[in-house]
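Multiple structures are listed underneath, in structure tokens.
The same chain A turns up in both complexes below, where it pairs with chain B and then with chain C.
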Partner chain A sequence: MERKKQRARSDPGRAMLLTVMVFFFLGFFLLAIKDGSWQCFVLSVLVPAIVFFGTTVISRLFPSDKLLLALTNFLCALGVLMLYRISPTRGMTQALNYGVGVVCMILSAMLVRYMPKTKTLTILMMIGSLGFLTLPILIGTETNGAKNWMSVGGYSMQPSEIVKLALLWCLAYMLSQRKYILSILFGGACLLILMLQKDLGTALLYYALCLVLLYASTGSLLLVGTGLAGGAGAAVVGYQMFAHVKARLAIWQDPWQYTQGAGLQIVRSFVAIANGGLWGVGLGLGNAGNSTRAGGIPEAYNDFIFPVILHEFGTIFGLIVLGMYLFIVIRAVMIARRSRTVFYGLLAIGCATLIAVQTFVIIGGNIKLIPLTGVTLPFISYGGTSMVSSLCVIGFLQGIASRNAAGVDEDRALAMEGGGLR
Partner chain B sequence: MKKLRKNIMRISLVLMSLFFVLAAYGAYTISINGNRWFSSTVNEYAREKRSDVIPGGILDRNGVVLASADEAGKRSYPAAENVRRATVHAVGSSAFNMKSSAEYFFASYLYGFNLTLPERLGYVFSGQKYHGDNVQLTIDSALSAYVAQIFPSDKRGAVLVMNYRTGEVLTEQSFPSFDPADTAAAPAGSSINRCTQSLKAPGSTFKMVTAACAIENYADYQTRVFRCDGLLQLGSRTVIDAGTDLSAGKITKHGSVTLEKAFQVSCNNTFASIALEIGDQKLRATAEKFGFNDNFLFRDIVVENSSYPLTNRTDAEIAWTGAGQSALAVSPLHMCLIASSIANGGVMMEPRTLIAVTAQSGARRMSFSEKVYRRPLTAAQAEILKGYMRGVVTGGTGTAAAVSGVKVCGKTGSAEIDTQENTNAWFVGFLDESASPYSLVVVVEDAGGGGSVAAPIARQIFQWLIKNASAAK
Partner chain C sequence: MAASAYELLAMLMRYVFVLLGALIVWRSFRWMSRDARAYRQEMRTLPDAGLVGEIVNLATGEGQPLPREGTIGSSWDSDIRIKDSQALRTHARFEFEEGKGLKVIPARRAYMLLSGQELRGPGYCLHGTPLQIGNTTLRVRLFAGLKVPSPVEYPEPDALLGGDSYTESWEGELQDWDRAQGFPAIPGQEQEEYVPYGTGAVPLGAPVDPYLENAEADPAHYEGNYTEDGQMTWQYAYSLQDLQRAMIEQNGASDEAEGVKYQSPLANRRRRRKRHGT
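For the complex of A and B:
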């Protein structure tokens, strides 16, 4: 009882949640007045409602990290807002994706909290994910040089986004059981399939995940060094083998030479950022998100959503968004540190890695720090699979956080009985 | 578990540093490139917004209005026609994508994109259109008009004059020019700024760089003797000197010469053998010290990057590079910067075209100060090269640029272009006078020798500069 009261008094989440909800109500309301469309009025109520639901419902089920939830929901809702502004139909779809994602987040949190971690399950997951990952090669469609999409019953999806989660789970489980060889083989097989699909951005992400988990569990710099050397070798082979990798690298070196072709996206992204300045041109007032308007960034809803945010909200807001990702990663690291078993520790640091590396790869590509590779910006980019997998990562973290808290409670109970293990 | 926690903390440092790298690089690239991105010709957003704004005026260094706008936002050019034509490449015209002109590169000031929030609100509540800021350029309209008047009217070319102590550009002109008030009559290609946007072989003016390389690498550069027999056979190509006509059996020879003498008479054979002896790598290193192969990111002027070839080359190519031909590409402005660094004791100032930005209320919004771009030479090396360049004007190929009673230094060039009948005539030089610290470059395309065509134009400009030294201050 005592503790509950304390928690309620020092809850920073409530004021924050309210601010976030008001922000999005106003955002959609403004767009609604501008467009005069009833859907947008609906969204101005619906999105804050999902934010409320997504932030509070897990806390009601079991102990959780509320700050992490609030930040995540802010980013997801920001994605819906920007996508609606770019294209109302995509915005409506994304609101649906967001709702589904929140449900998946809750399910995955419960999965981590309650599901037994068994060998059989992990092996089944491994076989399933290898099969699933191979599917696009057999029945998939090619977009932007990579063959990583497939359609099932009218819905297109990207298996690598879901397998990402299975890879994380399986590696964390096997490494916690000290099955290093099997882990490396499994990670390597996934990477190979991705290379065959020419999905290099995702391959980079998987690769970073494997390296981080290997290092976390073994602490061996030799192993990581070998992994890095292998990765460098694979990068060279990839460069030699794939024409679209060469083209991407050429664009990276000087996009201004390709303003009529493949460099158009990044050049317009630069111009959009410059037009935004520090404070942005204002929500709904820019041209960058709208590919039908002169100077719009083609396919801004996917890889180039961040420059559109910089364009309309300004560079300072962009830095704040970047800070939010950083905070999410910091919270994930704290959860990893507090976790009470090797499995949970690895799972949590893996979650932190996925979010940090994916954000770095796509924003770094947007501002020409690194060559552009097609990965989505977690929580914000358009796409159901991407939204679900990003929110499942947060769900994992919440599950682990609740186990940590449960562990604390168990310890307290033990200590009170005088039989503490510590 | 303890080890895992330690590893997790190490990993978290790496993950967090990713975000700091993103933020730091983002801030860096936006501050360096932001205005270039904004003023690029593909900026449709700015193009749209321009029509809702009354653009600010463009003034020369003495306050002469070069461009203004009426209440509807329509541009007018109040100066006399000859001044309009002489300043159009610095001022720009909205009819053409002139990315290095004030109209484009300073658009964020001229079109009110830099207005503060209170100012914007003030305009919105009073129901007025935004009114952009005025910009004052370093350009001197009187000098510009004079240069346009003496430049041969039937030739293409470029003239740029700058103050080598401050980097201020006093005039940047490209011929043929056009009248911004009558853009329909503009001749084809006249919107290109040949001072900054057109890369050419520098011809013998590049010997400033080769000589700097020789001074750096030969301890005995003062006494060393080079042999010029008029012909230097390298594979299927031959290095020859100006005046040599093999079909007529006429060969120009300079005999035994020192570096100083070879520079004065612009001996191709000597500079070719220097390039061969010292080697491509070292010559490139010197050229890069002067800014070749650098990405020019000057604050308020857009200049195409100069290039010194990077890859494996034959001896003949290396030899011709020493004499300023063979795959070198450089803008007239950059050659003027090189001469300026020699004039300014080895310090190359960043070229500038902007003095100040002033709000419509009259308040000065921002002003700009001089900045060192790089230091390619020591003061002693600069002094030696200055002596060589003085020799060119007193007793070498550039005597036509001499002005009595004034120390004029310079270097001529006659660059061969495959598609042209005649050479491009170059003269780069400066006044070694503390009261008139001006350097200039004159390029007359397809016109003949630098000493006979470009140097006399330079002389007239020097005379004007000395006469009007106080006015041009």
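For the complex of A and C:
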């Protein structure tokens, strides 16, 4: 009993989990005091409960990375909090998405943990993902210049978010089998379909994933250089072909010229960040999230959620959130370094790349570091597909971490047997 | 709640939120550094982590650690690098499969022998299985404790280096292969040729014939028995050092290579264990 207590005291996850739960209880409780809505009171208990469930249940099923779980759950719950602040309906939907995402995370972790990497599964994934990615061209709807959404049974979804996971799995498998030509062809086909959909933000993400995995697998600078040159060529072609790319580049160069038009979002984002200052205006006191009020950002719930966080919680808190993303990426790289086989190493590197590039592209776009492209902020932005795919990436990492732990146990058992040769 | 009271509360709470956020980041940092330190320490106690054994070049006596998966070839980035003019840059891939052994998949156009037989598709190596690529003969040695089918008996290298005599059974099969030229024919199947696989031993001090090329001329080197199904087994003994020397001579290796002792990457650890009596 005493030993159990001691172990609990020395467990760093316990204190961390408690801090995260207190944060969200206070956040939702504060909003509940303001609105006086029972939904918010329910969320002040429900969200910390999902955080607790998402962090502890997986680690009871099999050895997993609790730090990664705690950080991910913090960011997901922050998304629910901010979305509830912007629009209570969206907040409730996002809480549901979060719950579904946690279940998907557990399933994807179990897939990696228990499923042997099979050739048949990879071939099926390749065929399925190419077909799935083509669907929006045929039956999709155009949003913000890109035809990447489609409706199924009243629910709208973005196939490229799901295919992202299949691309990651297939590339990691094929590159681990040293099938370079096939992997380049598959990655190229996916990119081509995305170009046809004019979904350049996701295309950029896929491109970065292919390039990083190729480099991690081959170590060939020549191959990466060729890929970069090809990417630069494709960017020029995209600029010439698509009017909305030209417009976004022009806005990036000088958004103040377009304050009443397409540049409104980014200009309001700057104003919101500046108003927030170091400490923010206070939760529930800002107006950046409400597009109907003066100073409100139109896409605050989706692409521009980070400026809203900076506005209400302040720049210091924004840096803290960035630090969390950085820790998640570092942790993913650590998992990749500890993995026992090339396939799992590449899979973990791919997960790190997806999170890092997606975060950089959207936050860079928000603060005018790079031209704005329409990708979601992982774990935080509104959207069921985005939440599920981001949590599945974390599920992959959990599965690999669990395999690594099993590998260390195996090595320990071998060492106990004498460790020598037969 | 009154708007002004809420405003005051929310403005106070923003410091609490930043504090809690900073606490989470600080705890994450400490957790990560503690975990990295603990992992490094654990890896120090498990120097063979991630390995499943070693591959020994029988000509030079050089042993290379064998990871769970990787490549064999002549390129610098191969996991098992062999210096042989007939070896391709990536000659074969390998991966360890629980319960089956080391799966070796030759590259397209790669010619290699596994236990004396040409490997055209994936094949499995067990402990002691010889692999031949060009003029290089490699031998797979797996850790005790791994779940693989029982291999042929093979003595510990320490015993070999000590010069102890041992015997090892050889098995072979009928097939058409150059190296079998001059080998005794099986009664009733004279047109066939017998190819041994595995390495063997003759009495210590006896002249060594690693490829058994002079076997017919000098039958004193071995004693063979034919079995009913056309298989042949025989026993003979010599030390691994003698075998290595003979192979160096036959392969035209330089004088420096001769006399190179068998150097296992695990030898230091074994010695340390012996010294400490653990």
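Worth pointing out:
Here, the second predicted complex is superposed on the first by the 408 of 422 C-alpha atoms of A that agree within 3 Å, B and C clash if a C-alpha of one lies under 4 Å from a C-alpha of the other, contacts with A are read in each partner's own complex, and residues count from 1 in each chain.
As a convention for this text, a contact is a pair of C-beta atoms (placed from the backbone, for glycine too) under 8 Å apart; a residue touches a chain by one contact, two chains touch by 3 or more.
Bear in mind that the values here come from a model prediction, so they are computed numbers and not experimental data.
Within the superposed three-chain model, A:T259 lies in touch with chain B and out of touch with chain C [touch as defined at top]. Once chain A of one complex is fitted onto chain A of the other, the partner contacts of A:I33 are limited to chain C, with no touch recorded for chain B. Look at A:A352: by the touch rule set out above, it reaches chain B but stays clear of chain C. Look at A:G407: by the touch rule set out above, it reaches chain C but stays clear of chain B.
In the superposition on chain A, A:F270 makes contact with chain B only, while chain C stays out of contact range.
In the overlay built on the shared chain, the residue A:V45 is in contact with neither chain B nor chain C. In the superposed model, A:I330 lies in contact with both chain B and chain C.
When both complexes are overlaid on chain A, the residue A:G219 reaches chain B and chain C alike. In the superposition on chain A, A:I367 makes contact with chain B only, not with chain C.
Applying the stated touch rule to the two superposed structures, the overlap between the chain B and chain C interfaces on chain A comprises residues 219, 279, 281, 323, 330, 342. Listing the residues of chain B that touch chain A in their complex gives 1, 3-12, 15-16, 18-19, 21-23, 25-26, 29-30, 33-35, 37-38, 40, 42-48, 113, 117. Contact residues on chain A toward chain B in their complex (touch as defined above): 212, 215-217, 219, 256, 259, 267-268, 270-275, 277, 279, 281, 286-288, 293-295, 315, 318-319, 322-323, 325-326, 329-330, 333, 336-337, 342, 345-346, 349, 352-353, 356-357, 359-360, 363-364, 367-369. Across the complex, chain C is touched by residues 12-13, 15-16, 19-20, 22-23, 26-27, 30, 33-34, 36, 67, 70-71, 74, 177-178, 219, 279-285, 312-314, 316-317, 320-321, 323-324, 327, 330-331, 334, 338, 340-342, 407-408, 411-415, 417-422 of chain A. Chain C makes touch with chain A in their complex at residues 1, 6-7, 9-11, 13-18, 20-25, 27-32, 34-36, 39, 42, 45-46, 48-50, 53-54, 68-69, 71, 77, 90, 93, 95, 127-128, 141-146, 151, 154, 156-157, 264, 266, 269-270.
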